[in-house]
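Working notes, structure below.
Note that the chains take the letters A, B, C and D in the order they are written out, and that residue 1 is the start of every chain.
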Amino acid sequence: MTTVLRAAGRIPPAYLVFAALLAFLMWERPQMMNPNVLGIFLRQVAPLGIVVLAQLLVVRVGSIDLSGGGVILLVNYIISANVLPNAPGIAFVAIALGIGTVVGAFNGYMVARRRVSAVIVTLAVSIILVGFVQYLSSGSPPGDVPDYMNDLFDIRFGPVPAPVLFWVILTTCLAAFLNLTVFGRRIEAIGDNSVAAHFAGVPVERTVILTHTLAGLLIGVAALVQTASIAVGSVREGLDLPILSVAATILGGVVFGRGQGGVWGPFFGVLSFALLFVSMTILGVSEPGRLIAQGLIIFAAAVIYGLRTR
Amino acid sequence: MLPLLVVIGIVTWLSIGTDEFARPGNLSNLLAQAMPLLIASIGQMFVIVVAGLDLSVGSVISFSTAILALDAPGYLTFPALFMLAALIGATNGIAVTRLNVHPIIATLAMQYVVLGVTRLIRPVSGGTVPEFVIASVQGSFLGVPMPVFWAITVLAIGWKVLHASRFGLHLFAIGGGMASGQTSAARNFGVPETRIIISAYVASSLFAALAGVFLAGRIVSGDPNVGMLFELNSITAVALGGTQLSGGVGSLQGTAIGAFLLALLSNGMNLANVSPFIQTVVKGGLLLAVVSFQRRRKMGL
Amino acid sequence: DDVFIMEGVSPHPELKTTVEAGAFTAEAPWTIGMSHFGVNANTWTVQVSHEARAAAAADERIEELIILDAGFDQAKQVADIEDLIAQGVDALIVMPVTTTSANASIERAIAAGIPVVLHTGRIDSDAFTTEIQGGAEHFGAVMAEWLVEQTGGKGNIWVLRGLAGHPEDTNRYKGAIEAFEGTELTITAEQHGDWQYDQARNLCETLYLSNPDVDGIWSSGADMTRACVDVFKQFGAEIPPITGEGNNGYFGQWIEDGFASISSEYSPAQGAAGIRAATALLGGEPLYKHYVYRPAGWDVERAAEYYRDDLSANVWWPSELPEEKLVEIYGK
Amino acid sequence: MSTIIEMRGISKSFGPVAALSNVDFRLEPGSIHALMGENGAGKSTLMKILAGVLRPTSGEILLAGKPLSLSSPRDGLDAGISVVFQEQSLLANLTVAENMFLGREPRTRWGGIDYPTMRAKTREALAQLDLDFDPDRQVAELGIAERQFLEIAHGIHANARVMILDEPTAALNAADVDVLNRNIRRLASEGCAIVYVSHRLEEIFELCDTVTVLKDGALVGTRPVSEMNTASLIAMMVGRELSDMFPPRADETGAPMLGIEDMVLQPGAAALNLTVNAGEIVALAGLEGQGQSAIARALVGLHVPVSGHIHLKGQTVPLPLPRESGLLKMHAAGLGFVPEDRKEEGLLLNLSVAQNIALGRFAGVPAVAPASGTRAVVQRMMDAMNIKAAGPRARVGSLSGGNQQKVLFGRALAAEMDVLVIEEPTRGVDVGAKAEIYGLLRDFTAAGGAVLVLSREALELIGLADRIYVIHDNAIAGEIAATEATEHKLLDMALSGGKAENA
């Protein structure tokens, strides 16, 4: 009995928020509780969901990646600003993944090998990338995103939009990868104590670099999905996405160096954000009210969780 | 200290390369430009030393300008503002200690709540700031511009509290324990851990409120967005100054240099006529360059 | 006769204060400083700086135009203006971030004998030399009046606002609300889309799925209009009357899909207008202190005249950029 | 004698684990009271309750007859109860003096910290323990034994009425233990009540007057030490007689497995050479800080020697090894390393026993390889070493100190290396488990493995090893067969380094 209660205490707050909001929506807008509608809501957060996959990886090794905003902006710019006239779609995919991977590897190198503060490196990288896009756009501002990307974004498999399906598959793959491979064990070990992990035969630096690189790759993927969801180019990308991704990750039960929530905890963190935003919009909550409610809900969930895991 | 060398380098280069930089007028501009970040960073440092983070700093700054610009006499708004800030900080601290909430989540939630409240009381910028606040920021005393006094005061307070008091030592002790994974090490020494961590969050909020007061005096109005990004900039300044985000290690002079370096970058690029389209790249690049030479023993945040 | 400031700009009908000819005459060549509230905020703000640069380049008397970017940060704008004064500019152009934040430093510039031209944003003080104001209230009202006409003053409307806390957003909204007053229109949803495509798209999707019964949409910016139109197209629903703003991408969509819309005019060439006002002051010409810019809304025919298939989505009309510049910057 | 502390009916459970049940414990002023028991018996838990770190699930504590309520370590300190914890708990980012006075800093008239007084008093306190290090040194720079002494100094200093020492000597060698014992006796003679927890039986007989034994969280009994002998004490703790602590040595050894050739540890030090053969356990002995640890660590890139070579199974590896990859490289070549500091370097405290042990099998495996097939090994290690835990999924941090050591050891054995370099094989391990670990090590060498071991316990070295190298001043002062070694001989060699000289 006590073990059941203890296990329940470890349920990440994300699940609680998700369940509560879902119940609320069922009661408030029963007509919206059909797969088609929910699918669209989930699609809205698919880019965030993929960034969260990246974030939870690096958070588990005790690091953080705030460079997502810059990577996404740069990819968005390259695709929309006609930098490569008539380039095939696959070229954009390669560029996005390439940029993500290179940035991730660089972050990893700086964090693992040069032992620089992860917050500052990834923030600085983001600032540089944003600045680079600003510089480029002063010569040639971004324009439209190719239509086929929007079309891809709009594909559905039954009620499931393609981006959502893609996101779920990606999450499943990552979960399996972390659960089944040596890599997953090493990540856990490093997160707990990187010095002890080194003594236990974990190639710490290499693993951290690899983790950041993988995170970068995932952010490259997120950049593609995000760009496909926006028909236009942009010159400004807030820090929203990285910070929200950190919040979703922690709400999902993954804390720096600890990964009780696994991969699905943060996944539900993102789902709760999706429902949170939707509920606010449906209720017509004004901007200040929205901020206050958002803060209080996150806070309440975290407190319930915090008290139970103490 | 590399950031210090960079500061000296930039200062030398600007003094030689531009006519304007070394003028007293510009130097006092520079000080005034650096001041809000300096104040907020000192506050942020308290929290970072105990291995926390305060993301609500930016909202508290905006909130503080909004309160000051309320249509009420300064002798009411001024103390009220600090009381509310202390309350915000105490809530953060209690959440982190007693309620076991991760600092990022607790203070991010607080950031939203405080920003929401700020938007309620001041949807757009405006209002009038008490005269004494404006005078204390824009005026001068004995021919010395007021920001000089602000700088001396906050640095003196920061120094006393962080490096010359039991409270400061206890902050470092708690942070040192956290950094090495022995979360209750300081507690076993009889250090009242909970109380001190809560005080650190209160201090952070109070310093943020003070930064808000300075800003209100500078922009002579209340503004719901003025504190935007201060949380990240203050963390950046603190980390640039060599304070470890894992807790327990850091110095006030480092933080001051970090904050000063960030302000100097903007001022210097403006004076050196760097195009706004590449200012961002230059800023990010310099940040990266400076920080990449600050090797630490431990990896992570 | 009067100095030409910009197409559609005229002296304020009531406030007839003038700036004495020769009050700020200075020997050419001139250095002009410009404090921009946020060059990199969006493509419109970028174009303003291009327009200013092009105008400055076209005037031989201007030796240098220094543009500083406040990035929507009031404190940074105060610092920028201080830095420009420190650099000894001959004239100062300010696009204020807020109505009060820059007042003190503007007053300092005036005290230093530097003329200050204000545009795309008012301040709560008289301490400038001349201002050119588009009037966000006017912008919002033009759209709202059209919407009232389209809906017959009855029905449900959505209001898509811009960045919360931004004066431009508040004032456009204020203008709209005043125009809606006295009608039977009900605002069933009012949300901030931050002028961004992705946010507006999410909002419109949610709003549509939650309650598709809408008779008109007041949108405070072009990218949000496009996003909302795309949502209705995605659900195969009829696009209700929706307001927009003069950008090339939106014009293309409007022309192609032929939905009911109006485009409020807000030219980025105000950047050039600021330069012209500054050179007039430095050249010793007489100016009015207050200029207004209150153009009528555009219909689809007018939009079609400007629309350029060969340019990217992010040109904003009307523009004063010379053809080569347009092609260079925006050519596909 | 009056009783100063009386603990009555103390029980404590951590979730489903009952660490203590209904334990009574009394302390008299001036007495040195040994608290004994196997690993996980509940000794540290009982002491943490007395210190106010943990709160008992039930039971009460009386101080001089009056009920005492302890809700934080502060309360314990205020009641005059001072502890040296088993797990090192100094703050590495602070200075020696700051650690000494943390929580009770002397103040200046202005409310600041009186640093001069603090430094002076720190020097004084350290001098009592024959120590002389700079009060302004950062604790991070201290060695493990120095830290241990600092902890003791901190505890002794508190002017306590009750002083708890939880395995204070686990990181100390014989000479240091003498200094410590002197001080403990002095404290006792001044009327302080002392609780002494240790797994080193000889210390108990030398120092203590009373002994309390716990087993599986329950009280076995309290007796005067004078009534006990080694055998009866072990029987009381383990519940049976231990016939032979040390397993028999191998009759013959095989080919050289590990060789060190011309290793110069520090500029100016003599080159040193040694070999370890298959089937052999070779020990490094010596006084603290003479270079034993540096030799071991140089083998895995954690110490940077000036020059030299390693021969590992016929392969020659030049020194120094790279800091980051040295350990992995040697691991891949079949040499495993077991660090002394299990908390900082050894174990992943928040992970399960199973994960900690299984990690040893993953070294050198490609990252994408499946992480499976470890269940059986984990179970084998847990059984072989009698690891007391709720199960393989139990968090290592929740294990008692000695059981943690076994997990650490289990990982090294599970990794199936050919050569093991072990810094302290039985730090904090109870007698029963010690015998088990010695047995496992012998099994390992019997299967063809080679072991290089360091230990501060001379008896352990003599009993366990085949050959002993004595290290002095970063060089080998002598080599001796274990069968010929005595504590005295070893100390003599270690002190003189061949010449006559005082330490």
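What we mean here is this: a contact is a pair of C-beta atoms (placed from the backbone, for glycine too) under 8 Å apart; a residue touches a chain by one contact, two chains touch by 3 or more.
Note that the coordinates shown come from a computational prediction; the quantities given were computed from them, not determined experimentally.
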item	value
Chain of greatest Cα-centre distance to subunit A	D
Chain pair showing more contacts of the two, A-C and B-D	A-C
Approximate Å spacing (C-alpha centroids) for the pair subunit A, subunit C	34
Mean-CA-position distance for subunit D and subunit C (Å)	73
Subunit A-subunit D separation of Cα centroids, rounded to whole Å	44
Subunit B: positions in contact with at least two other chains	119, 123, 181, 229, 275, 277, 279-280
Residues of subunit C engaged with two or more neighbouring chains	39-40, 49, 164
Per-residue overlap in subunit D, given as positions that touch at least 2 other chains	344, 349
Category of the chain touch graph - line, ring, star, complete, other	other
All pairs of touching chains, each written as two labels joined by a dash	A-B, A-C, A-D, B-C, B-D
Touching residues (chain side subunit B, partner subunit D) in the complex	160, 164-166, 169-170, 172-173, 175-177, 179-182, 184-192, 248-249
Subunit D to subunit B touching residues, read off their complex	51, 53, 72-74, 77-78, 83, 85, 87, 89-94, 98, 102-105, 107, 111-113, 344, 349
Interface residues, subunit C side, partner subunit A - complex	39-43, 46-47, 49-50, 164, 188-192, 196-198, 201-203, 205-207, 209-210, 223, 226-227, 230, 234, 249, 312-314, 329-330, 332
Complex contact set, residues of subunit A against subunit C	29, 32, 37, 40-41, 44, 81-82, 85, 134, 137-144, 150, 154, 226, 229-236, 277-278, 281-282, 284, 286-287
Subunit C-facing residues of subunit B, complex	20, 23, 25-26, 29, 32-33, 36, 119, 123-127, 134, 138, 215, 218-221, 223-226, 228-229, 266-267, 270-271, 273, 275-277, 279-280
